[in-house]
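Naming follows writing order (A, B, C, D and E), and every chain is counted from residue 1.
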Amino acid sequence: ACSSGEASTSSEGGDVRKVKVAYDMASKPISWLDDNGNATGYDVEIMKLVDELLPEYEFEYVGTTSDDLLIGVEQGKFQVGVKNTFWTEERTEKFIFPKEFLGLSSAGLVLKKENEHIKSLEDFATAEYSLAPIAANNAQYTVIDEYNKANPNNPVKLDAGDAFTVDVIQWVNEGRVDGGVIIEGPFQKQVLDETGPYYNLKDEVVYNEFAVIKTWPLFNKKEQEFADAYDKAIKQLQEEKKTNELSTEFYGRDLFEVLDQVER
Amino acid sequence: MLTINEIHKSFGKNEILKGVDLTIDKGDVVVILGPSGSGKTTLLRCINFLEKADSGMATFGELQVNLHDASKKDIHNIRQKTAFVFQNYNLFNNKTALENVTEGLVIGRKIHKTKATDIGKKALDKVGLSDKYNSYPSQLSGGQQQRVGIARAVALNPDIILFDEPTSALDPELVGEVLTVMKNIANEGTTMLVVTHEMSFAKDVANRVIFMDGGVVVEEGTPHDIFISPKEERTKKFLKRVLPEDYTFYI
Amino acid sequence: MLTINEIHKSFGKNEILKGVDLTIDKGDVVVILGPSGSGKTTLLRCINFLEKADSGMATFGELQVNLHDASKKDIHNIRQKTAFVFQNYNLFNNKTALENVTEGLVIGRKIHKTKATDIGKKALDKVGLSDKYNSYPSQLSGGQQQRVGIARAVALNPDIILFDEPTSALDPELVGEVLTVMKNIANEGTTMLVVTHEMSFAKDVANRVIFMDGGVVVEEGTPHDIFISPKEERTKKFLKRVLPEDYTFYI
Amino acid sequence: MSEGLNYTFLIDTFFIALSGVPITLLVTVVALLIALPLGFLLALTRINQVPVLNWFSRIYVSFVRGTPIIIQIFIVYASVPLILSLFFERYNININVYDINPIWYAFIVFSFSTTAILIEVFRSALSTVNKGQLEAAQSVGLSNFQAYLRIVIPQALVVALPNICTATVNLIKATSLGYAMSLQEITLKAKVAANVGYNYVEAYIDIFLVYIILCSLVEYGFKLYEKRLRRYKYVSA
Amino acid sequence: MHNMEKYFDVSYIWNSLPILLPFLKVTFVVAGLSIIFGTFFGLILAMMKLGKSKIAQKIANFYITILRCTPSIVLLFLVYYGVPALAENFGLYLHDLNTAVFVVITFTLQFAAIMAEVIRSAYESIEKGQFEAAVSVGLSPFQAYRRIIFPQALVVALPNFGNGLIALLQEGSLAYTIGLIDIVGKANLIIAANYNTHALEIFIALALVYWILSILIEKFFGKLEKVFSKGKHTINTN
């Protein structure tokens, strides 16, 4: 472990296992590569804390794209990957989901002020509004897709697209689409933060949460032991309220307060 | 029938034609001789407006045209009265022999297709290519291609046919067939203006020979005048070069 | 000096050379005539191993070589004793005139560069190109290029120079300069085997003329024998075609 | 792959990828329909040195050849709506820019880039047709326009065809970047299918196969057509 | 006008340039290595195509067709995941290799296919007579290739080589999709750090960099061609 206090871990010799933790380097504030070339973000910082609690492991953070992260973990190039992943049935065939989740993510709709009354995906679908495209490998896509499967009579119009060509807030504000799915954290940083690039739009667009969702680290299929170790550590962190602190730091809100309402 | 007056033409600073005059009567076969670069090709091209002269007049029967700023209509008219046979044939590569001949008739002259085909076949028969109607240029020998070129010119039934070294791109053995065709056409009374190095043709067929050098007409006369008793020094020198004394060997 | 025996060569199913024999003595100038496709070029190319014959022997003084399966060394040896002048010159486009001439000396024969340059300059002087040492082929006229081609051959000081229609790609006016150069070289006693259509050259310079047709030697003899009193019907027919009676005009 | 391939998924997704072919072809065909005539006209402006247009097409070609198509896509996708809405606003045109189907962006981007490529193709093809052909046509009384239409263009086309084929294949390949603008083509469809169970490797193998089949067929078609067009070049005996 | 002002801020272009430009180094290293290996491999393919062996010709043609038909983005992906998986079958563990290695492999494969055609057509454009003249003055076939054919073929190949290079550089812009942080990868990081805002400006900055780069390459090859083509375009000096 990258233990700050202990002088040397090398004395423990071969017991320390190096593992690669992949993170999506372009997914601020969940995980990203900052200007100084360091990995950071909610998911990454949690993993750093986990590392501290696991002396028998030493984490190395590898920034990559979201496609690569998934395939890399599956193939064993990385032992674990974090990218705000939601749980789906199919994914359990390819990855180990540990028992304990990593964090919480508030997913919501960005809407124009005048559409403030749209509170849920049902409302959105009933109004027959258009939705900004979502990258196919983004967990948000899965969420909407699952909603559509569950509500075949009232589906949301869903398009796949690419991550950096879609600027959700801009698109909604200028009317290119009626709404977009966004995670609360980025919305906070872009619109509500005084230094945010879209602070000027704070009175024109709103964020309406429709779900708070658990996010998970993905472990390679052979890493059951590692996943178990992770479970132990994260439990301790949750008890120490470390997760709450980081949630507030990166998402501007302690999502663990609403944990009891979380459905998935 | 065709008169050319004071034609001038420069390329950049090079004056190539320095005032050439020319008169051709109906039925004339005029041969132009001259060293390379003397402006023979340029003269022919100016007459057919493939090159725009700097100044000069052309008179075609009734029709008088300024060679420098002729209207589109005049150009079209003159091109209807003339035909050009190119040194390297310039057959339309994407058309058969017959289509090569009829193209100008059908598209340029708006003659009905069946009639044009008729004319075209006759023209090809005349040059001895009755069996090549549907061959593409790439399937013909050089001599055959040039004969198609001649047929294409003849079919247009022009007042005058301009030939620019029609045999100089041919293998020596193929020259004969083309010259024979040209002789036949001349004997039918077609008016022809021919740039050639073939002295035998000049001697046998031409009724007038013009010797050009440095962009001017140096001397003109009957073949006998020019070949046997040239007056100008330049003419003598040129003939000596192209007709080496060695030829006396073949008595 | 050079004897060729029973050379055979086919391209696919086409038999082009059907057993040709040839003897050339030192100092001979032999001219090969024949219609297009008769195998003249192929014969020359086989002698120089630019084409591999199907069978046949070549005897070069002491050296006897099978033309079909000569060793690399034999090929190299024969190429040292021969030089080739090509119809379309084939000068090295990326080399100056002088470099064209010295290339074979410096690289092929390992002659020291200064010496080679000396030889090269002399060869170019001999063909009248003293002022063109440093010109690239693209800066030379066809006649000049062919003279460089001849200089390149002469500089190698070969036992025999093979010429394949050296003037047929030239404008009529440029033919003379190349023929003059060839005559001079012949007069110096160089052994030459020349394929050409230039009858004047054959008559003036050759001491033997060979007439080929259909892949065999039809007739051979002195120029006088062949031109004035050919024996074979095929020879007569061919000469009639390439020497039209019209030439009598230039007495 | 360490887990082995999921063959059922591989086969199912192949057909999903295949279902993107019509969109890919539609974009390709529309882009070619726009680019062929436009490229030809602009090539003529270059050859005939038409003052302003000549310069315009030079810069245009230089830009398109000089920048990656993915970046062109990014730029067009981000800027065209802004520019259009500005334009509509100014002239009070009552069209909602954002009702425009993403396929229109694909039409714009790919016509834009293909035109530039074809300008160069036609320019070099036209210059291979001997000037004598044009002169011969004029000398038998064809007008300039007729001469181009009947003699020059058919010959230039034969020379250009292999390059047009290359441009077409490149165009088809480039549409795989259409994912960046939500174009429902081969790549995006397969990737969406892969997202459910993260079967990316299988999806990419399918995409690979579909492109190979598609492009080989297109190349084969061009070869056949070329053979027909070239018939005048074959020497029969 | 208000839309433009709200979303478009030119200062983002200028500010991103100094951040982007250092990452050209990655782009250059990757492209440079691909060019070196690709040219070498392309030469082998060209020799296979020009040689007498029918099987070698078939293999080379098949390879070239496949690569011509595969979008770079797909090839990148297949190499990035396929090569380590294949290597695993031979007991090699390649997952630790730097992403750049896979990018180089991908573009080496692709550039080789382009170069094979460039080299072949350059070789074929040199008249057979040049070789014949060379051996007829006593050069060995190898000397004839090295001193006469190669220098001339090089001149013919240069412009196409330059075009291939520009094409390679542009296809290389897709390497970001497998996580290479070259200039495009960095641009995406900048955009992500801005929460996906002001992407247009960053893309414009990228386009400018690429455009200027390709103009420089074109100019450079134009110059190079002049230097090498002695004896070719010098007619007017006569």
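Everything below uses one rule, namely that contacts are C-beta pairs under 8 Å (C-beta built on N, C-alpha and C of every residue); 3 or more make two chains touch, one makes a residue touch a chain.
All values derive from a computational prediction rather than experimental measurement.
Enquirer: Mind listing the chains that sit against chain B and also against chain E?
Expert: Shared contacts of chain B and chain E: C, D.
Enquirer: Which chains, if any, touch chain C and chain E both?
Expert: none
Enquirer: If you average the CA atoms of chain C and of chain D, how many Å lie between those two points?
Expert: So the centroids are 54 Å from each other.
Enquirer: Using the average of all C-alpha atoms in each chain as its centre, how far is it in Å between chain A and chain E?
Expert: 37
Enquirer: What is the distance in Å between the mean C-alpha positions of chain A and chain B?
Expert: About 84 Å separates the centre of chain A from that of chain B.
Enquirer: Can you compute the centre-to-centre distance for chain A and chain D, using the mean CA position of each chain? Integer Å is fine.
Expert: Roughly 39 Å separates the two chain centres.
Enquirer: For chain E, give me the residues that contact two or more of the other chains.
Expert: 3, 7, 77, 81, 85, 199
Enquirer: What are the residue numbers in chain A that touch two or more other chains?
Expert: 67, 71, 75-76, 164-165, 167, 174
Enquirer: How do the chains pair up in terms of touching? List each pair.
Expert: Going through each pair of chains, those in contact are A-D, A-E, B-C, B-D, C-E, D-E.
Enquirer: Of all residues in chain A, which touch chain E in the complex?
Expert: Contacts found on chain A: 25-28, 32-35, 63-65, 67-68, 71-72, 75-77, 163-170, 173-174, 186, 189-190, 196-198, 200.
Enquirer: Chain A touches which residues of chain E in the complex?
Expert: Of all residues in chain E, those touching chain A are 3, 6-7, 77, 80-81, 84-85, 95-96, 99, 176-179, 188-189, 191-199.
Enquirer: Would you tell me which residues of chain B are touching chain D in their complex?
Expert: Chain B reaches chain D through residues 48-50, 76, 79-80, 82-84, 86, 88, 90-96, 103-104, 107-109, 135-139, 152, 156.
Enquirer: Can you tell me which positions in chain B touch chain C when the two form their complex?
Expert: My answer: residues 35-36, 168, 171-173, 176, 197, 199-200, 203-204, 227, 241-244, 246-251.
Enquirer: Please give the residue numbers of chain E that touch chain D in the complex, ascending.
Expert: By the definition above, chain E touches chain D via 1, 3-4, 7-8, 65-66, 68-75, 77-78, 81-82, 85, 88, 166, 169-171, 173-174, 184, 199-200, 203-204, 206-207, 210-215.
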